[in-house]
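Structures for review follow.
Heads up, the next two complexes both have subunit A, just with different partners, subunit B and then subunit C.
And now, the complex of A and B:
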């Protein structure tokens, strides 16, 4: 946190003239409690620590925007290395950087280009880091291309929220693009709808019926899918395709090409093969710029409180002219990550699992029937299927205190619950 | 940032910390414990502590595959239910919608999968393939052609291959139910 500001040697007069216009006086829609002035500037430049997840098409834009807006403590995570095909739009990278870590090269570039900004890179997976790591940031911006990674960071941030500790709530700004389309959204874990709440409105990637691939290919993509989905597992039953291995792509390309010739289909190329196998959607540099800019403006407004921020979903469609729409995506009560009921239970250490289940069934406020219980690491009691019921039945006689540590979590599912109930067990 | 916390206090005072059980894990627990299977379908878990990998045995009680016990492996990844379960037939069987490698042509396993579907829907879909094989969407083209050409011959091929017979150079697995 900032105390008093010693003018940084790199902060020449007028450096932040434009940004300071916003931080020096309140606007008509600014939160009335917000105090403009030096404190606000100091906070942005010395108090805020931002994490950028992804240093690719969106990430490069986000890092550059943040640095030029006056954020000075930026961290970046990316597990990827630079590919030659990135260079058309990932402008922090040069040809000499091909093969190097995106996070490291991006951090170095920003620090060289924008004096006084510290960018701390991590070349690896977001899953390598724990809650203590994510706890250090003011807010997090995602520029990812993976649903799985987004689900992970979203669930992690929702889990981190501790009702006793305001610092534990980390705003998440998520950007995404697909060709001329994109979206930016603000997620306030446990307050607004989360990423998991909107999982079913995701566009599915194009998938072809497996019978078409097997018998009636008409498109070059059908031939490539045939090679990767059917032919590869048949020839190499014990080896998975590595999307990043050029030899694997090469093998698939040759198989696909043969098949295409057999069915008189044109258009199978090496790069199409790579594109289909890796599910690459053509990336448009300017869509990335639009979405990243939206994300960074929201980051600025949330971090400084200087203006009202996005509530909570902005979509951009540039496929037919220019269209955008902003709406409030609502929380789903049955969301497996942020929805569901939670209950603190204090029980005797002598209570058996069967007695705990009876207790749950009797409680009027939760109205549960036939509950199945598990901890994050093991199943305690499952009502079905018969084999699992039998395997977990011996636990019924055991004391809950032997199965669940103090303050341990138990997940309860039942057909009568919208999704699940989480119990936090304490002992008397 | 202060403002955000006050939003939480106002509208969500009762929120509690949630467990670290993954969404996929909870969803699989929910799907499995709420399965509503007929007596013709049974699940088996090689490791009862691992809910993500198991087999389903289908023993059709009518139709041309009656008398067989067909075993499918289910592999669920951590991105479930965004990703569908991976399902394969573990035996070499003669079926228009199942190829000799065990790949299954069922729309909801691929192009028509949606997160609102569940394991029960997949299992019911699989059983349906044995009651009504669909030669219009073939994966085993020979079997499909045979079925359209002569239903009687197809049925006799099914009977022969289910016993572990040989057909056109392929050795099929004996799938006759031992019960």
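And now, the complex of A and C:
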């Protein structure tokens, strides 16, 4: 599949009639230093290497836009396989492709449809790759639905920046959608606000208190959570729920329905059960098209300098008319990835270490799922390895004030995140 | 709660067990969560006409074929040129060159979804179709027409034709070049019952219906078990406190800041334990007692909407509005019908299900009254009672607080309205700059076509600026640089259908088309202008 392509071998006269109008002449807002013409075209078509992370709803669109725009060396990473529910928007896939690798099918489709474009797929996780791998790209476009993966790539690219080496700064363009809404942004690691800086803009996922689920359900969602969180592990202690297995969902649905009837709660349906268990976010082709186009347009502007690129956030809402908001998201000085300053946290001297951990998980601007905590002199609590977890577990019951002096520093890490968070603890 | 209600709850909760979804439901799962089966059915019965098979048109179609539009027809006699094969994903590179572009695009678009039918008409263009009476009727038979960069002469004729007949389909006009674009939907009237606007209906705490009032005031909070006390829904608490407040304040709601503070203090003092979350919630929701429940202004203004010049498809909506107006003026307490949907609140199962039942029963009673009124309205109008089905009535009552009625305008209205041009030059100069620049580009292009010149269309900055300024009333100017920024981009790329601009338009237009066809969510009103140099959209 990955044959080497001689540049221009497949270019026919007039192929870039449309794009070349932009590259042959400056616009009124173009940087006056910019030189239009062949150099700009050559760089776009032969010099630039782009990485696309995600070959799903956004990824399919991003790949086709990049290919038509004239980017010819494109890499794509995705660990997922194609599901039937992808076909209402992921337009490079067909019924016959269900079960195959998204990255591989997408790459092959693009190379067939747009001659002369080389797409190199990788079916796997972004965490499989190291800094050397990411260093080879001119820019990176992210079309992911996972917050965790975005935090990882964002932190990796910020860490990679070496002030001595301008090539080490890789522009990151990130897109995301939900229903008729979406956003596209440009991140220049260490220069503009990063993904971590804006963590508090994410919608908070609804978490139902366990006592409500166990004892006083009111909503159909409470019954579904009961079925998946409490009933499944009780009946199948050795088996995890597979969200993609319709038989599993069916079982959960029936349990939830029984419980709902017992409590006279209405509204448990198959579709709601699946939605709650898989945390499904509605997705349509048109919104993905808008956000991917915005991302690729920025990639084009960054790669060619033919117009200034977005500084730095574009938000689109199509539910009530056409509304968008373009603004500069500010850096957060206490951002654990690009900020460098410790986060000041004032807590009650009565607060236990376990309660502090719960607080960190809860906080919208931190959202660390399984944090390990230490001070410069001792380990407070470690999630792994098991021996250390056991050794530090008694600390969970202790008051933080017994473990950390006033204005003491605490470092928070998590295995899923390639960075640490510095806290400075004060007491009320 | 009465025994009768108990047995009702059990009955309604005994629902049939669904089996796992079929193939089609699984395929469309992620969109059914947005517009449900009703929206999907509307999409599947639509047949749209697209004038041109440009990259932008193909992008729009892609985003309509994927969610399962019923049928599309492309009208375009263009033969694929090398430049088309370079910017359109629904052509197969050099293999498509020399073949009818609409046929190639149709073939490749249909690969995306077996459930869609597509047709290419390649032996005539829209001018020729418009020239015959049959052609005009054919155009009016579509659900909706999309026109991307259709030349000015044909576009104006098409717009005139459709505007002259109130039964005509909506016309979506898209103009784009380089980084700039504009979208406008021409329609007479568009009614939306399920607008999905994120506003909660009133709980009528200040005007409690008899069963709610009775239940709230008869609760023996003082002697109540501590656990139960901590699970009394906040609605009961507020109804109770507000009734007492009104009794001691001449029937008035808490009006001043001090009064409101005092009101919250009363709630706070009712706690048996400091950590009762339901009382905390009641204090948080106390603002619901600051103003009295009335018919929202947006909805009231719909009652004065002129129904005499309405197209057939919005007639039922106007009858429903008439019935709603009568309901709000004749039925106590002169509000919208009560909504049966209750938000979640701190409560135990029994108390929550109980209050839910109170609201449901009352809502269904009020819906019954509304239906009787509607039946009379239909009879008075000489309409058959079957004109509006129960499902529509249910949806109307459920969404009575977020109804939308859009009055459309004819394509090009703004260029003839000096007042609007002067106003927008002040308040939305950048957006107007894009509109004027694209208008001037299409005028010059029309002249170029009429002159039958063999040369490439390449308008100069001066020509474009002059044509744009000619549209503005005398003495009116845009803010500094706004016209030049727009016109300059078009002088740079007057005929460029850029892949990214096309893809973005494909998304925005498809969203609007879906909203028009499903009659859910709210379509854009006015000219939506787009600048992809600075990456923004704005509406005129």
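Quick notes on this structure:
Going forward, the second predicted complex is superposed on the first by the 295 of 428 C-alpha atoms of A that agree within 3 Å, B and C clash if a C-alpha of one lies under 4 Å from a C-alpha of the other, contacts with A are read in each partner's own complex, and residues count from 1 in each chain.
One rule holds in what follows: a residue touches a chain if its C-beta (ideal position, glycine included) is under 8 Å from a C-beta of that chain, and two chains touch if they have at least 3 such contacts.
These figures come from a predicted structure and were not determined experimentally.
Shared-chain residue A:420: touches subunit B; no touch with subunit C. Contacts of A:411 after superposition on the shared chain: subunit B is touched, whereas subunit C is not.
Residue contacts after overlaying the shared chain place A:18 against subunit C, while subunit B stays out of touching range.
Once the two complexes are laid over each other on the shared chain, residue contacts for A:243 go to neither subunit B nor subunit C. By the document's definition of touching, of the two partners only subunit C reaches A:88; subunit B does not. Once the two structures are superposed, subunit B and subunit C can be ranked by residues of subunit A touched, with C on top. By the touch criterion stated above, A:159 is placed in contact with subunit B alone, subunit C being left untouched.
In the superposition on chain A, A:303 makes contact with subunit B only, while subunit C stays out of contact range.
Counting contacts as defined above, subunit A residues 215 meet subunit B in one complex and subunit C in the other. By the touch rule above, subunit B contacts subunit A in their complex via residues 1-5, 7-8, 11-12, 15-23, 25-27, 29-30, 32-35, 37, 42-45, 48-49, 51, 78-79, 81-82, 97, 99, 101, 103-105, 107, 109-111, 113-116, 137-139, 141.
Those residues of subunit A lying in contact with subunit C across their complex are 10, 12-19, 21-22, 25-29, 61, 64-65, 68-69, 84-85, 87-89, 91, 94-95, 113-115, 179-180, 184, 215-219, 246, 249-250, 253-254, 257, 260-261, 263-266, 269-271, 274-275, 280-294, 296-298, 300, 307-308, 310, 314, 316, 318-324, 326. Considering their complex, residues 9-10, 12-15, 17-21, 23, 25-34, 55, 59, 62-63, 66-68, 81-83, 85-89, 92-94, 97, 111-114, 178-179, 183, 195-197, 231, 344-345, 347-349, 352-353, 481, 484-485, 488-489, 492-504, 506-508, 510-512, 514-515, 521-525, 528, 532-539 of subunit C touch subunit A.
Every residue of subunit A that touches subunit B in the complex is listed here, in rising order: 31, 33-34, 138, 147-148, 151, 155, 158-159, 161-163, 166, 169, 171, 188, 190-191, 196, 199-200, 202, 204, 207-211, 214-215, 229-230, 233-234, 302-303, 305, 336-338, 340, 342-344, 370, 372, 374-376, 378-379, 382-385, 387-388, 391-392, 409-411, 413-415, 419-420, 422, 424.
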